[in-house]
Amino acid sequence: MSKPEGLPPMEYRFLGRSGLQVSAISLGGWLTYGGHVDREGTFACMKAAYDCGVNFFDCAEGYASGESEKVMGEAIKKYGWKRNDLVISTKLYWGGGFGEIKVNNTGLSRKHIIEGMNMSLERLQLDYVDLIYAHRPDRRTPMEETVRAFNHLISTGKALYWGTSEWNADEIAQAWRYADKLGLIGPLMEQPQYNMLERTKVEHEYAHLYRETGLGLTIFSPLKQGILSGKYKDGIPDDSRFAQTQVEFVAGYWKRTGKEQFQAIVDQVNSLQPIAEKLGVKLSVLALAWVLANPNVSSAITGASSPAQVYENIEAIAVYKKLTPEILKEIDQKLNNKPPAITARF
Amino acid sequence: MSKPEGLPPMEYRFLGRSGLQVSAISLGGWLTYGGHVDREGTFACMKAAYDCGVNFFDCAEGYASGESEKVMGEAIKKYGWKRNDLVISTKLYWGGGFGEIKVNNTGLSRKHIIEGMNMSLERLQLDYVDLIYAHRPDRRTPMEETVRAFNHLISTGKALYWGTSEWNADEIAQAWRYADKLGLIGPLMEQPQYNMLERTKVEHEYAHLYRETGLGLTIFSPLKQGILSGKYKDGIPDDSRFAQTQVEFVAGYWKRTGKEQFQAIVDQVNSLQPIAEKLGVKLSVLALAWVLANPNVSSAITGASSPAQVYENIEAIAVYKKLTPEILKEIDQKLNNKPPAITARF
Amino acid sequence: MSKPEGLPPMEYRFLGRSGLQVSAISLGGWLTYGGHVDREGTFACMKAAYDCGVNFFDCAEGYASGESEKVMGEAIKKYGWKRNDLVISTKLYWGGGFGEIKVNNTGLSRKHIIEGMNMSLERLQLDYVDLIYAHRPDRRTPMEETVRAFNHLISTGKALYWGTSEWNADEIAQAWRYADKLGLIGPLMEQPQYNMLERTKVEHEYAHLYRETGLGLTIFSPLKQGILSGKYKDGIPDDSRFAQTQVEFVAGYWKRTGKEQFQAIVDQVNSLQPIAEKLGVKLSVLALAWVLANPNVSSAITGASSPAQVYENIEAIAVYKKLTPEILKEIDQKLNNKPPAITARF
Amino acid sequence: MSKPEGLPPMEYRFLGRSGLQVSAISLGGWLTYGGHVDREGTFACMKAAYDCGVNFFDCAEGYASGESEKVMGEAIKKYGWKRNDLVISTKLYWGGGFGEIKVNNTGLSRKHIIEGMNMSLERLQLDYVDLIYAHRPDRRTPMEETVRAFNHLISTGKALYWGTSEWNADEIAQAWRYADKLGLIGPLMEQPQYNMLERTKVEHEYAHLYRETGLGLTIFSPLKQGILSGKYKDGIPDDSRFAQTQVEFVAGYWKRTGKEQFQAIVDQVNSLQPIAEKLGVKLSVLALAWVLANPNVSSAITGASSPAQVYENIEAIAVYKKLTPEILKEIDQKLNNKPPAITARF
């Protein structure tokens, strides 16, 4: 499938309080690349995204035990893209694969950050990444050691900026405390889950950090693993992620809530359908546009298993501009999960 | 009423990572002193507490619009207690009275911190307080200004240590960030609400801060405004706080939950009665002892409107040592509100 | 000899206040590898240790004049072990061989630290070591120069962490003083002698450092050069270390005490035999387990001249967990050398 | 008794690496002033000392529960000495009296350091002291709090320099670590016991600190509570300190050793008699001179209960210059307690 006519031009946003610009929509390889999408499929998706102006491609050492990095690295090589046109990220924490704990090959010790980075770069066939993330907080390694080690990656030219993923707000503040004390570089960006069903971290917990540290967000799961695409409204299809290998880990959500409560969520999601129709877009596009309407979001990382999905996602760039305060308020009322405001002065 | 026989000796605890020792049970004047308890009643309570070894007396500029500080100051003078045997605190934020907002007489600007401190010391008839708290976060004043202003109080000898009350974990971490960057003193202690019904901040949100900043806690409302004393089990009596002037502000809880849900809480509280009976103590003593069993609590601030209440509270010093892991587990099961553990390494 | 059945699984401990994990039992090459144990013997010991989960292998530029590093490097290559599964250390001080003083090839000048490191890495055939130690204090080189030079090794990626060996407590504190002043990394670990007969440094002198600097210990001579294995109870055998080349340096102990006093020590050691028997283990295993029972010990570096010795040492992992407070007290009484406690508040 | 003819002129020494000069012999009030020497006796001793050029008078809040400070303060007033001609010290730790522990009135918390200083100055009737000491280490108060609090005294003009008494070497180094990190003033001087029988701290443990921190020493007990004056050679006389009230605390030495071992010490002390005779001085003068021969000693604090003792002590100023290397070596041989040298380079 070739790029359809009428797609909006890509929008680039500064990543938090930095001079780096990332495409508002980006492509990530959590479950797909190196995993259930094959090499050729990955290449096709990345090519489609690149042609739409996507410049930011997101990876992690733990995704598909390193295969995700390998296939992304091959795509970059295959298409001969210029390095300076790309923003490439990876994440360190699970050197042995997503969720697996191995002595000194897991976590945020100086040893693993340095060794993990070297191994990631080798798999990516790159000299450096633009963004390096701490994939989770490591509460057994002193914060100072972690802050110093990520700065070591920057000093040695192996990464340009560093950030975090799914850290608590006070942990990000502590990282800045050590960075400031030592004259080092603090974490620039966070990669939290953010979507219509998961709002607390981004809209409430991190509220002070945008101002205090200039935090930028590259959010993942804007469609909540497909729930917000409406694809579960008639039950779980066999070809969904829930039916794949990673289902156990991914679908923590599924198990936590139980089928009944899950149905309630699906009902709630369905109640947004009329709004999507009024805007003349699919529910999934509305959900993605809604994420982009939050000015603290620098980029929404999407997963796509076909160029068609890539193109569909791009539509959200135009749609989010149509989300007036009235529409956003209507969505808030349907969702009924807007986190409490942080009182400025009592 | 004179001091009963058989009361346990007072226990002193270090206030967080400092060299200051506070009595594990302390006396505070939120609603009582300067408010619905008269001068003579306040004097009697303070005398009873002092005679039981209480060395820490807690106040705030906003309590009873400053009357609380005045009457506490008078008591200290009246009894001729030695200054170095006392730990006196007050809090700055609402110069115009608890919850009232006035331009430049509210919040944590350098102007109000310095002016408020001077006025508090005048009311207390003291040269300095031991502890000065920011009564709430002020999100419109830059953190650096607030951190500098509290350090100014310490530099000029008007306070010995500073802390916060009801701040978010990341705000405390930010305060330390500025303190460290500037070589200044960070906030030593927090004064959160903590009791069997309100556990999240102390047991979950602040979890990293104990280690990272040496945070100490002087908690308030160990009995949740009387709910944990069991006094509401048969309905709300006319002479309870709920029937007093401050009811609107205090009983936010009451309004938030609605009568039905409030009854459910009362039922839950009542289910702890058998445990109290097994230990041979009143439910209120068990509730206070439960707070003291948390090693991160340096002092539990109690409010008492009579010496009898003071003496009853002191019993908790002996009772908390009887709370074995088994009993604490049983309590957790009845309460069913234990916050999730913070995963150390994923 | 192949690995026996029933050996306990390896335990990994964080190295002081860091995110690095080392096996509680490790293998060192002080007198053996490159020395009186031949290449094939060294390979066999290292293989046996690795198969038991040992991840930490300790060396020094001065051991066997560099031969120890060479043979360790060969073993790593020979077995194709993954670099990130290993924690490799070496030590700088005696570039000309253990105990020999040569101008600019001895000590802790910037010149020798940088040059010595390069030569060690060449002998080890590695790009970096995990741990680099100052093998002794050098009181003629300014502390600042030494602290800066070890940080240079870390900055240039040649070492991940640095530490000291047999420094005085105040020298370690001085190193941290310069590190803090300059925003550099302080020494993480110490390598002292520690065993039942030599307790003062670890149990008394360093007492404050564990808390103040997060010091970790990788101790050597847990068996006091074999004295604690009971092998000298009937006199000194011809094949003992005392009869080898290094005897002059090693047996400082021997000479200091005189034969009579040495016999008294041997008697004292023998008095522990009943405790070992009660636990059903050899005296040497008890002695090693006793070292592991000290929570400040991150790893006990053992020397082994055969796989059989390696396997025997591993038993201590299970045995130390059986050392109850009562047994430890009994051992203290027999040894009668427990250092005085450090009074906390007078 | 008036000042005898022929006394040597006072010698002034810089206090460590500072610009302050103290008399090599000074006067202290540990057991005497405010204690078993009466007011008039104290006045006479201080006058005698002052007339001999003694400018440094040493005190502590804990000596005689504050009486020592009071009587010293009265003497200064009585004689109308100019403030700038005097170096006055006191020490903080035991606000309730030497060796007594009281909550917040003992130790090195910010609270006690500030409150204790104020109370000391009131007793001394002074606006400031020249030297303020931490009378012991307080291992339960964070070092940073203590370092900051002593600097607060200096900032507010209540003390000019601060130091320690009987701290371990690594604790002094840690204090400097925090001082340097925060741009504050580190401890200038230590007040250890030092005499012919107690040499380890001064000659061995502190060896690096003279160079590393510029540490100065104002030593106490140069005559080891009279043992080195030879006055116990024929048993303990009734008018000795051992027969006074404080004997229990002071004579820890006595009890620790047992009478037999004490006799051995007395014998050893007696063996120095021929050397004293050769120099034509009393043994006590030789012992004091020996202390002054150590260039790291800035001042030897003597206790005197009569002007005669003061004058006798002054003689040591002349005698120490006669202690040739040969004589010092002979003394070392008799004492047989010279601490091992600290090897500079191995």
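Note that the chains are named A, B, C and D in the order they appear, and that numbering of residues resets to 1 at the start of each chain.
In this section, contacts are C-beta pairs under 8 Å (C-beta built on N, C-alpha and C of every residue); 3 or more make two chains touch, one makes a residue touch a chain.
Keep in mind that this is a model prediction, so the values were computed, not measured.
With centres computed as the average of Cα coordinates, no chain lies farther from subunit D than A.
Separating the CA-averaged centres of subunit A and subunit D is a span of 67 Å.
Separating the centre of subunit B from that of subunit C, both taken as means of CA atoms, is a distance of 50 Å. Taking each chain's centre as the mean of its C-alpha atoms, subunit C lies 41 Å from subunit D. The geometric centre of subunit B is 45 Å away from that of subunit D, both derived from CA atoms. Counting partner chains per residue, subunit A has residues 107, 138, 140, 181 touching two or more of them. By the definition given earlier, chain contacts exist for A-B, A-C, B-D, C-D. Residues of subunit B touching subunit D in their complex: 12, 14, 17-21, 55, 83-85, 87, 130, 154-155, 157, 160-161, 183, 185, 214. For subunit B in complex with subunit A, the residues that touch the partner chain are 93-94, 99, 101, 106-107, 136, 138-140, 143, 168-174, 176-177, 180-181, 205, 208-209, 212, 342-346. The residues of subunit A lying in touch with subunit C in their complex are 95, 103-105, 107-112, 114-116, 119, 138, 140-142, 145-146, 148, 152, 155-156, 181-183.
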